Every structure is written in structure tokens, then in C-alpha cells.
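Dropping the structures in below, format is C-alpha cells.
Shared chain: subunit A. Partners: subunit B in the first complex, subunit C in the second.
The block that comes next holds the complex of A and B.
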């Protein structure tokens, strides 16, 4: 796939109630354009879930990007990575020379508690919001495997250690297992620190069709799928199959095996999400992710660090910005620019984002991408 | 551009408060898939402005379309035509064999009066909603040209005559000039019947990479732009320049001149919108659209019928569905399937959709496409 990441940028992540969505986007865009050393782009794809009409145009025109094709895309929590996917395909197909993928979300101005997707979603109307869906996955997972809630909590412990090293993260406190398990119960068995919080942020990635220098990062492949039919009688927990299938698409396109990844950014909106994802990605066998976490293999300094940014749990999860921020983190890692949280010698990075939501489907969308150092 | 329209479908248009957005989408999808004689598609682009998270997946999975790449796109009133544009490009670039573009919107469940784009839009916060923006365009246009409000009202009269022939239209009453001008004042000088009403509907188009029979309609070209900077000191009224520039892109790609169009579906969200658009498209000279309307040139039976469907004013304007419905109308016209509102011998159709919204920009988005009979 002939698409290269020329530049990346993000705002800070967190509750930023005094700032407009477009302001956060300007920060990310200015950084990404400067990083890419370009003064404009030929098209833009903008990921946002709840960002309202015009937020993309207001964000882009604020840094002088107007009069170009702009497409706002939504794919639940995978909106940002969908923007990157579409931008990458647009570059690879020769449509454009320079494309920016922007992600932006301002959740704290819209929600106080769990986000709700759609009042016409009959399952959500019964109260089954995202924490409830993931809590059911966690309950089933703990039932089916020799794993305890203490083991799951270690995912939050690991990612909080990473997030403490990320100056732009929302939660910068390294948590103990006791702190994770002792935090407020959100949806049994998931406590507050096992759930990503409401976050405001933006992230931007500029892509081009060729490698200009060793700083450029190769987008070797990206794949997008929506979930197939799913119900409680399905073989795996919710979201497993769509991640597995999308990953297989991406691995095949990139010509890599799961074990080739040196660093991963994956969708840990809830601790159980990271566990299921790592198994669906083929990084560890089914039921094996908690043991790998416990052994330190997935921590910074381990064999295959996962979510060195702090992940959604600690960096934060501003829906539309998340996938783009994952790309930014991997770009920094693959360039060796990740500072205190650098994965030494990382050459191959994998990102996965899972957009949940619709009743009866195994997820609204999943994106898996493979990046390689230039 | 190697993209062909294999099948089209729409729901009825109008206030459909007892129906969910997905139900309307199912009607459009079932009709389009049957019309295209396909039992599935490889990807979907879904245009909606206010449709909430999951509406695309719920709509598509309800007719058995899941597990594929699905991208929801938003571009204000041009969301549906953006979905068609992206679907067409995806087909033409060889990514997929069969792609569906779906548009869906359910405005009556969300709004009572004029739609509002974004509370962070400073102009809208002052009360300058879409009727106000178009009213200012109308005031300036009437000031600059030898045209009266009676002349503008004739656009609504024409489109209401067309809409009365369209069994799926929202407003099926042929209006007189007096009825148009005598309806409730919305934003001086625009009365109710010079404004598109709130509407609920869906539309779908299936595209493929080749002509299979004479029923297939060629998508010869489509172009997408966002507006450049605009303010009251600009040479033209709001929205003129972006339509002109996008049209020039589309004409150049299709190798046609404006006068080659036999039938047009254009963005008459307000009467002044159609007038400005026709001039920006180059169909008539600046200031000349009202005279062309008065002469009957743009009516069914005239030289170049515009909005034979009834347009946004009479068929209705369910934002995300509008652009897709324009494609459906042109496909019916170019196949000779348009019944009582058939434009005899139509070979070339042009559609234009203009998505307004953001302060300081000449429109959030514009799409112009050129279609040709197979």
C-alpha cells in the first residue's frame, strides 16, 4: 500500500470544557502540518461521532484548509481510524498527493455519564449502554477461562503505568490493583478505572504517497469491516470475531504474522476490551491475555508492549480522535520519538479500534492497520 | 469514470413520525437491491447529518448487509451526494465490485422549526439559521438584479407542479404564486412555501464498475469541494462560487458543457437556492434564472427541466437522503421510467447539492455529478 505518514499531531487529552472542538483540532492540525512539512493538503477525512455539523469545516478552515474535498466520517469508536483508513486508500489509489485525517471529539460538553449511541436502539433503550455490554463480555470471559477480576484489573494497572509517562494523557497516575478494584463500581464486574473516561481531544495525521525521509512511517495496510450478526449464542464474546476477521485482512495485506508486531495500540475502552482484542488479534491464545499481562510481556520493557500511550483507559477516549491518536502514537514509537515511553527498536506497529453499538451485530466497525518504520 | 448505477430505490418522503429511520432505509435498500438485481454488496457509504450512531449498521444489517466495510459520511445537505461520490470513486478505482450509497434522515423526530447545525457556530448562536442565510442571499439578489420576489416565488410554483406528479413527494399540491407569497413569513422575503420543510426519508443507489444493460446509467463524473472563505464583501452571494467551481470540476471530468444537460436535479432548499445554483452551474447567465423560469424553459415540457421530482421544495429535503434521491430521480429520468414527470428523450442529467453551514465559509460542501443514459 503506497501510503506514508508524513506528519502527526494531537492536542492534550482530558476534560477541556473551556475549549471548543475546533480549537482542539487546530492544535492537532498545526502540529501535524508542521511535522509533515507541508503548507496544505488536497483533501481531508474527519472522524467524529458526536461532533456536530460543520465542526470539520470550521476546524480545517481555521488553519487555512478550505475549498478542498472534506468528508466527515462516523464509525462509532472506530471513526478516527476509519478516517485514516479512507485517507490511506485515497492516497494509495492516486487520488491525492497529500491528505489529512483528523479526529475530533468533545464529550464532556455532551455527556455526564456513559455515552448513549441512539435512542432508537432497542437494547440501549433497556439501559444496556457500553459499560453494560462490556460487563457482560467480562462476566462471560471470567466464567469461561481460569481468570479472575484481579487479573483483568492488571490491564488498567499496566496502561496507567504507561499513561503516567505520557505528558498528553488524561489520567497520569500509575494505579495499583487495589486502586483499580476499589474504584466506584460502574457495571459489575467493571469498576471506574476499568472504563475509559469522558475525554475531549483532537488528533491529525498527514499522509502522502511516498517515503521522503527515514522519518516517514509506512502505512503498510489497513482494513475495515463492520460486524456480522451476533447474539449470546455466538461462540465468542461480543467483538471477538470482527476483530479477528479484520486483523486477518490487514495481516494478509501487509504480509505479516501477528507475532511480527513490536508495539500495539489497541481498543481498551474497558479492560476486558484489551484482553479480548489481544486474543482476537492472535497475539496470544484465547484465554491467555491475562497471563501475558501478569508476566509483564505487554508492558513497556516487555517483549511486545501494548498501549504504551496509556491506551484509551489512561490517554483517554475521545471517540473520533482515538484512532488518529493511535496512529500518532505508533508513528512516534516507530520513529524513536516517544520519549520516556519509547519501545526500543520498534519497527512494526499494529493498531486496532473497535466501534461498538448496534443491537444484534458483532460491532459497528473495526479497523486494523499495520505500520512500519521508514 | 467507470462507475455505473445499477439500481435505485427510495422510501416515500414526508412526516413519518411512526417509523424508525432504519425502516425507511430498509424500503429504499430493498428496492435498490432488487432494481440492481444483486443479492449483496461489498461496501456501503451512508449519508446522514443527524442520524445517530449505528443507524447505518442497523439499516444495512436489516437487509442482510453486514460484515462489510461501512462508512457513514456527513457533509451537511450534501451528505447523500457525498456518499454517492465516495461510492462512485470506490467503484471507479477498482476497490469494490458492488457498492451501495444509502442516505437516511428523520428530521421530524429531532426538530420542530428550522434545523440548527451546531451550538458552537457563532453565527447560528446569534439566530442566523439556514432560512436567515438564504433570506440574506435573496435580499441581495433582488437588490442586484431586475428581479422581484414574485419572480422568485415562481420557482416554488414550478417545483410544486412537478411535485404534484411525483407519488413519493412530500408536498403534492400544485401551488399558485399567490399561495406561495401568501404563506407564513419565515425569513423576509422567504415565505413558508419558498422553504423546504422537515422531512423523513431514505434513498439508496447500487453502483458497479460496468454497464450490464441499457438500463444501467453511467456516472460520468462527480466532484466534491468545500467552500472557500466567504463574507459579505465577496463578489457573489453565499454559495455561488463553490457551486461554480465544483461544477467546472465535474464538467471537465465528464467532458460536457453546461448546456449539454437535458435534465437537472439541484439544491432548491429555498427558492433563491435554485436561482443562484442555476446561474452558478452556467445553465443561465447571472441574473437570468428568474426569466428562464418565467419563460417555462425549466419546467417539464420546457427546454431543460429542472427538479422534475419536485425538488427539495416539494419532494422534500431529508438532508442525508436528498443527494441519493436526486440520483434516483435522474436514473429514472435517463431510463425513461419517470412516469408522468418524464423528461422526453433525456440523455444527460446533472445533479447539484450544496451543504451550507459554517460561519465564514462559502458552504460546507458541494457535490456536482453528471449522469448519462446507458
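The block that comes next holds the complex of A and C.
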């Protein structure tokens, strides 16, 4: 028994200071329930990182979903994909017959500048901030490989071209390398356009067992891990090992090889994040991601498009909603519903989300999932 | 030689730095089973789960990575420079770089623990 994606929905992504978190969730839920052609579910899993007390219940009750088991998940940037993973396991195990996974986040009401982790965390207390975590990876990566800051910027250029084709994206302007490198410096070597901006949004996915519908998308496998220790004894930059190991779990469960993916949605909260992730996923060799980006292999029209939605950099990164939005994008791609950013003939989609921020760990959580057209 | 116990900063997760005979030292732990060192002081080793004992590290090490943060964060004014420094035979330490931006700190350079900033952050300076 396995799980199928019956319907997906999202709000728009961006700075939506005049919208309540629950209102954004209602948009996503109404669309997903209609897309799935159901009016109720048996349980809900809700991913949110900074969501306030009861945001899941406020959101779900507004579309008639109350009195059911509701589980709220905090797994940093992988909160939404953890909710989808747990919903899929609940369906596959026969625990429930219809489940909704919701992700919701409203960052502009909480932050003015870069997101910081918990003040009792060593690295945050020392002033590293999230951009700093990734900047450290970039510093090391540039030292170890024959790669330049211009090469890193090309990831943002690629994803901005994709985001310009996504009507729901936060940043809808195609950027040049000069614009990316010339934007405000945040944490050297990462400039503003190499960092996902503050975003408010929600996304929802309805899952259930197999139906007689070619529109339903097969959740062929998903895997969840938390990171092991990350310190001076670690061989790779932060987050590499947990993504690699989670991907291997998912590939094995799905019976695919990395090269079988036709389209990917991966965690590009920062340009270096996409680079390290693509290598950890086994899509390219270590040190090879920037060359693959430069060659156009990972762009729409290339051999294996990565982040056709615009990714976290351009679609936006409302933390808890991100993983669910990745599932929505892949569902649209695998059904052929992705409009101007459609990857022609896509049959297998892979998503990866990595959440971190706890000092000394190689990430708080990572989810890798394999989706297949129905 | 008797050593004074480190001052516990119970609400502050940052590592403790004390004065040693040859300069400031980081107070952390070393696993009694596998020998793995840590800049924090948990009761069990993150690598093998073994019991830990207090240990002191530094002051010298090698820069693993570095960044300069250009956005203000709470109590700190930007820009400021941070480095992960792998202390010799010790743990990786996240530290502020003395004299801050413009220093041109590079990966793989040698650095030395020089104490704590007025705000309580461990700080290092490059050795050239």
C-alpha cells in the first residue's frame, strides 16, 4: 500500500502584511480540497516553524475541518515536508484514508531582517544568524573547489528566470549575474539575491490511497532523517551528509537512481544550499554543481530542470509552507499543469528540504521524496 | 595543578573561555571513551554516547571557514567577522575575529584564541 497525492493548493508567496496566517491557509486548503474533490479529511499534519499557538486549528476550522486529529510539526525548514512525509506514512500504513498536510508561515509579522534561530542556541547567541550558517559553507566550498562567487550567483540567476514564469512567486524578475552580485551584502560571500527573502504563504496537499484517477500523483517514497553531529571531524560542509543519507533512503525505497529524476525541487534558501544539495543528492559529482548550472543542464529546457518554481530564492521561503509548496509544484509538473514553466514529459519528480539551525548538528531535519505521474 | 572551575553561564549557551598559563583556553569536554572533544559540555559524547570529562583547548588553531555579517542582529552592530576555528587537538570553535572586517582572514590560516569580547563572545586573531 502506498500514498497518492489527490490534490494540491497554495496561496501566493510574498510579503503579505495585510493578510492573517489563517487567511493564507484557507486559500491553500480550499484549492487543495477542491483539487482532490473531497470535502473532508480524517486527520491533518501541519508544518510551521514560528506559527503562533493554535495556528493549525484556526486554519483548518475555517474550512470545516475540526474534531479530527491534528498534529503540528516543527522541524525547521523541513517542517512542511515532514508533515507531508507523516501524512504519507499514515495513508500507506492504513491509519487514515484521507489526510491533509498543511504548511503555513507568516514571517513578516515576526522579523524585520534575517531570521535567527533560538537565542539559547550557541551559534545564534554568537551572532551567526541563518545567512551566516550558509555563508560559512560557501566560504569552505570556495576554498575546496575551483569555483568563484560568480559561479554561485548563477544559481540565483537560473532560479530567478524560472520564478519569472511562476505567477505565484515572490520574486518575479529575471536577474542578471551583475544584479545578483551587486545587491546588498548580507553575509560574505552571499548577497541579498542569493538569500531567500522573508515570505508569508501557505500550501496544502490532500493525500489518500490509490483512486481511479490519472490526475493523482504517486508519492512513491519519502524519507525523513535528522542530522548527526557536525563538527571538526565532519568530512563535508554543513548539511551535506544528512541530505546524502536521506536521499539514499528515498531512492532505495522508490527503486530509482539519482539520474532518474526528470525534475527536482530542492532547498535553495541560499545559492550555496542548492549547490551542496545537488551534489549530496548525487545528481552531480562533488564540486560539479556550478559547472552543471553554467552549462544550462539544470535550467528549464535543460536535461534535468531544478527548481522550475523559482525555488526558495524566487518563489519564496515561508519556512513551514516550503516543503508542501515543493510537493504542489511537482504535482503540477507531473500532471502537465505547470504552464509556462512546464518540464515537458516529466514523469519522476524529486524534492528535498533541509532544515537546520541547531549548533553542532548536521541539520535538524531533512526530507527527500520521490513522486511519480499517475 | 589545581584549576579553578569555569564560571557557569547557565542562561548563556556560548562556550566558556578562561585564562591559562600560555594564554586563554576554551573550556569544553573530551569523551572518556573515544576521545572526541567538544566546545560545549554535554554529559554524553555526541559521537559515541560515552561519558565526558572537562577538558581545556587552545589557544591555537586553524580557520576552517569565515564570513563577515553585514546586517545588524540584536545587540551587535554590523559588520562583524566570524570564523570557525578548529583548535589544535580540540573542537571547532565559532569565534569573533579580533579587529573585525578588513582583516582579510582566509580559510586555512592559523588563528589564536585571545579571550572574550566585552559582550562575552569568544574571539580570535590571525597569526601571521
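Criterion: the second predicted complex is superposed on the first by the 370 of 374 C-alpha atoms of A that agree within 3 Å, B and C clash if a C-alpha of one lies under 4 Å from a C-alpha of the other, contacts with A are read in each partner's own complex, and residues count from 1 in each chain.
Quick note on the criterion: a residue touches a chain if its C-beta (ideal position, glycine included) is under 8 Å from a C-beta of that chain, and two chains touch if they have at least 3 such contacts.
Note that the coordinates shown come from a computational prediction; the quantities given were computed from them, not determined experimentally.
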> In the superposed arrangement, does A:342 touch subunit B (first), subunit C (second), both or neither?
Replying inline: neither
>> If we overlay the two complexes on their shared chain A, which of subunit B and subunit C does A:16 touch? Say first, second, both or neither.
In response: neither
>> I want to verify the contact counts: of subunit B and subunit C, which reaches more residues of subunit A?
In response: B
>> Quick check on the superposed pair: does A:113 touch subunit B, subunit C, both, or neither? Answer first, second, both or neither.
In response: second
>> Quick check on the superposed pair: does A:187 touch subunit B, subunit C, both, or neither? Answer first, second, both or neither.
In response: second
> A:326 contacts which: subunit B (first), subunit C (second), both, neither?
Replying inline: neither
>> Taking the superposition on A as described, I'd like to know which of subunit B and subunit C A:229 touches: first, second, both or neither.
In response: both
> Looking at the overlay, does A:121 come into contact with subunit B only (first), subunit C only (second), both, or neither?
Replying inline: both
> Touch check for A:67: first (subunit B), second (subunit C), both, or neither?
Replying inline: first
> In the superposed arrangement, which partner chain does A:137 touch: subunit B (first), subunit C (second), both, or neither?
Replying inline: second
> Where on subunit A do the contacts from subunit B and from subunit C line up?
Replying inline: 120-121, 229, 359-360
> In the complex formed with subunit C, which residues of subunit A make contact?
Replying inline: 113-114, 116, 120-123, 125-129, 131-132, 135-140, 143, 184-189, 229, 231-233, 359-360
> In their complex, what parts of subunit B are in touch with subunit A?
Replying inline: 20-22, 49-50, 52-58, 60-61, 66-76, 82, 86, 89, 93, 95, 117-121, 224-229, 242, 245, 357-361, 364-365
> Okay, in this complex, where on subunit C does subunit A touch?
Replying inline: 11-15, 36-40, 46-47, 64-74, 76, 80, 82, 84, 86, 90-92, 94-96, 107-108, 121-122
